[in-house]
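Note that the chains take the letters A, B, C and D in the order they are written out, and that residue 1 is the start of every chain.
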Amino acid sequence: MMKKIAVLTTGGDAPGMNAAIRAVVRSAINSKLEVMGVFRGWWGLINEELKSFDHRSVSGIINQGGTILKTGRCPEFYTAEGQERAYQTIKKHSIDGIIVIGGNGSFKAAHEFYKKYKVPCIGIPASIDNDVNGIDMTIGADTAVNTALAAIDNIRDTATSMERIFVVEVMGRDFGYIALMVALGGGCEEVIIPEKKFDLEAISHNIVQGSLKGKMSWIIVVAEGAARADDVAKKITEITDLETRTVVLGHVQRGGRPTAISRDLALNLGKAAVDCLLKGDSDKAVAFHHGKIGTVDFETAIKKKELGIEDMYNLLKILT
Amino acid sequence: MMKKIAVLTTGGDAPGMNAAIRAVVRSAINSKLEVMGVFRGWWGLINEELKSFDHRSVSGIINQGGTILKTGRCPEFYTAEGQERAYQTIKKHSIDGIIVIGGNGSFKAAHEFYKKYKVPCIGIPASIDNDVNGIDMTIGADTAVNTALAAIDNIRDTATSMERIFVVEVMGRDFGYIALMVALGGGCEEVIIPEKKFDLEAISHNIVQGSLKGKMSWIIVVAEGAARADDVAKKITEITDLETRTVVLGHVQRGGRPTAISRDLALNLGKAAVDCLLKGDSDKAVAFHHGKIGTVDFETAIKKKELGIEDMYNLLKILT
Amino acid sequence: MMKKIAVLTTGGDAPGMNAAIRAVVRSAINSKLEVMGVFRGWWGLINEELKSFDHRSVSGIINQGGTILKTGRCPEFYTAEGQERAYQTIKKHSIDGIIVIGGNGSFKAAHEFYKKYKVPCIGIPASIDNDVNGIDMTIGADTAVNTALAAIDNIRDTATSMERIFVVEVMGRDFGYIALMVALGGGCEEVIIPEKKFDLEAISHNIVQGSLKGKMSWIIVVAEGAARADDVAKKITEITDLETRTVVLGHVQRGGRPTAISRDLALNLGKAAVDCLLKGDSDKAVAFHHGKIGTVDFETAIKKKELGIEDMYNLLKILT
Amino acid sequence: MMKKIAVLTTGGDAPGMNAAIRAVVRSAINSKLEVMGVFRGWWGLINEELKSFDHRSVSGIINQGGTILKTGRCPEFYTAEGQERAYQTIKKHSIDGIIVIGGNGSFKAAHEFYKKYKVPCIGIPASIDNDVNGIDMTIGADTAVNTALAAIDNIRDTATSMERIFVVEVMGRDFGYIALMVALGGGCEEVIIPEKKFDLEAISHNIVQGSLKGKMSWIIVVAEGAARADDVAKKITEITDLETRTVVLGHVQRGGRPTAISRDLALNLGKAAVDCLLKGDSDKAVAFHHGKIGTVDFETAIKKKELGIEDMYNLLKILT
């Protein structure tokens, strides 16, 4: 029977992780479980850096970005020795189940660990990139999109006032979600994403055509997984002989207060993860899909996610 | 064949209405339709206040709150004479279809008008209250929730610092959606919504019990459709003899830049509404439901919406 | 010689108090002083609720609203017995000087206490109302003004879209600073402040005249010290027979992340307060005045502050 | 006698320029002047792109970033022919005075033009860099600082969660104001500004020493005029062998809604500029200095501004 669980955050931090930690801890306590917080992801399991959490341990964090448990990559966990040490920590502290808050990299590691040691493990998808397969929205993605959108709104002010061409690079790893959402919501003229071949000659042609008709300002959003803003800008300038400016939004997109959606997801998924462990589930992630909370096997979750882009991409073209 | 359409906004304004107008106008033009903007809702049809819109008419509005078409209630449209005058405007300007951006009150009026005059009409659900039946999310609801949540975050600062009990009234008419989302995301201790009986004796008892254990600050969220903040606060003070403070968030929740979700919905639904008219649909609203864009008949949309509250309400209790 | 000091926050909380605490604690430690944090203002001195603070005690709070020391009113401190008990705490813990972060009420109490017990005491002006005499800007005032301004921007969206008259009540106690700044920055049509007689007949006349020329939306800002929004709105409706809406911004204005100005002031004044104690100053507040950091005697600081309103008030009239 | 004036915005755009335009236009009209808006800065004078503005021309812009008059650099204005053509436009339209909203580059050009043609000209200092000599604060600087500070707050979330070293480059041209304000308000560990020699060996040494004591996250703010973030990060990694991340905030700092301070300055300075023209002043800028509105000669304004950095720089060191 499940008596004690541990919770950890791994991979890149995402806004809402703290709300998820709060939900896991308080849901667990509400179900008479003990709960331990593990620090610095897998590293904390390997190095026995963890401590008991109570109701108060997670007070005042629901609206804070980042993660109070800290996070990071841990190459050691990919070694047999690292995994064994992590397992020893789990045994030593009589931990009956683990909840891993992170992205698909985190789930891959959790899946490997589960196959070997059979310690019940449930994932909670948290990633600004929204790139976890089989689910509609990860914790943090809505916040990152809104942060990037606010930046685009600012850039629009200066692009319009100075009549300039901007190339803005957003995060998202090899997934074009943030770029597409931001380009659409920001009323941007072009978007370059990994899921679609792009043609800088054609874009440059459009810019020149537009400028002949009096359209003087452009914002081109580039997903970091598709190209570098600087390269795109340089090429456009080469072809059109027009000045360009670049902005790389970078890590600003990772932090900040979670939006309502990110908090709401975090709270619901945190509770759902505890419920999963209690009813004996393992090797899967809780997931928000088609408007409902469910689960998705780790094996599915870590597969390459397809972005249903055609509609959104076409919409962008129509609305510009 | 559809050659010219009109678009109007009615009822209370909601952030994202402008993005929807932009999407309607540009999608229509992209499909070779003429499009007219009608001012002040039904009033503009009755009084022939409308004009032709082109691509540029909707530039620079995607991120602006409110509606450039203006909006309002129009009692005259509920009279036979008012409807007849509106119909004469439609005929005079050879308008083949109407797109109505608004809430369920707007759809009710549109439904009546359609039954009488058979002018094709499609609704786009925009309302901060999220109270349109048969759909998951209206344009503007996510923005209003985030605005209210930011206010709650602020109030939390002072509630904690001064160790006070706050009663915060949020909008939502007779639907508890905003209140529930905000209470959950804000880590609030109690929520009072129209969908659930509330017991101020019990709440007061909890407060006293909490204060004995050292819990000194409380935020109680009240949906405007359930009770008035002042009444709730007065009653709690009567029972507990503890000081209370009230905040009525009010119309601040109506305005502001639309969030990514509100913009994205607006753009997708705007396009979808034009497509509906083009393929001969009428008497229904476009709708986001279970993760997809579809439609819902006006007759269904205007019915009382049930809020699936039990899970969220229980979650609030567990997480507090 | 000064060896140990105590810091406390009293009165209403203001954004930037935490940054001030950080600056006091770290400046003190940098000058080889010990420093104790006193909880709940004077109450903590009376009830010996205080503890030693080190460098880490104030980590991560620079951008947080409210005060980690908590605050509140303390009627007991106005009694001889309360003051005596506070003094005993000070003696018991060998505290050589006190830094009081608060508004003019706090300084009045500090001044009385100093006169009686001669414990060196320096004030740091923190108040959203900006009503401390002899200084240009208190910690928190700029944040409150920006928060209120963002609310006004939101209300403007709906006022314009629905063509309505709004009466918006802002904080500021009996000082019109917030109201005037917000009305000016928000492009509001009227402002009602305690420093100036107002005439609702004249305002109503202006509204009617404006509406005849097609001006349909109005925002009238009311300082809480001058009138209640509801009364103003009711009266305007009586006279003009036009619908009005009211918003009372309330405690939302107290919280939130401090602006750059509020943080910058807090850090500079925190350091300056420690320097004052070190060089033997007492019975005065550090102050930002005419672009420089200086001091102002408590006796001056607690006098009624004059708001130089004529220029700003006239400007409002010209710009509307 | 002054009968008609023109207003233009030149150089980089700054938040609050629109509020300044509003104040100029409405103050001028209030003083019975005619007023023309010139588009695209000096270019609009040269190419006769200008039009009459009335009270309504500047409605709804007070809270919008950028400039409705558009702006830009204009090399042609530095030629005798360009200046002559600008002068012809002025004569043709019977313009008696010009108000130039911009930074010190704009004032330099205005000064040259005035010396040659003696057309009365008043400057309004608007620049995010706050680098205009003889004044305390330019329109837009407070907004840019707050925008950068919000970004730093976000980066702090991820820096703390992932225990990383961040190097963040902010704007400011060859002036360290934004960098210093942001580093101080953001609680950053180091700041690199053009006004002060920096030593990456020493910074790296501090980082290593800190990490031995458990301090794992750092934010180093770099003014664009002092160094490139990438170079600084690379060097630190070379010396310390620790991973670093960089963020270049870029043009996001230019846009966005102006803060209360930026709006308030804009409105007061706009009115003051009109008053200056009316009373026959010329060849100077209106200025906020030591808490008051006054003027500064163009000759002084365009000199290199000294940043009084020692106190702030030392404060940063004490508070970290």
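Throughout what follows, a contact is a pair of C-beta atoms (placed from the backbone, for glycine too) under 8 Å apart; a residue touches a chain by one contact, two chains touch by 3 or more.
Keep in mind that this is a model prediction, so the values were computed, not measured.
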Subject >> Far-end chain from chain C, centres as C-alpha averages >> reply: A
**OP:** Measure off the straight-line distance from the CA centroid of chain A to the CA centroid of chain D, and report it in whole Å.
**Re:** 35
Subject >> Centre-to-centre distance between chain C and chain A (centres being mean Cα positions), rounded to whole Å >> reply: 39
**OP:** Give, as an integer number of Å, the spacing between the C-alpha centres of chain D and chain C.
**Re:** 28
**OP:** Mark out which residues of chain B touch at least two other chains, giving numbers and ranges.
**Re:** 150, 153, 156, 160
Original post:
Does the chain-touch network form a line, ring, star, complete graph or other?
Top reply: ring
**OP:** Spell out the part of chain C that touches chain D in their complex, as residue ranges.
**Re:** 19, 22-23, 26-27, 30, 60, 62-63, 136, 142, 145-146, 149-150, 153, 156, 160, 181-182, 184-187, 257, 259-261, 263-264, 267-268, 271, 289-292, 311-312, 315, 318-320
Original post:
Which bits of chain D are touching chain A when the two form their complex?
Top reply: 9, 12-13, 15, 17, 40, 64-67, 70-72, 147, 150-151, 153-158, 160-163, 166, 245-256
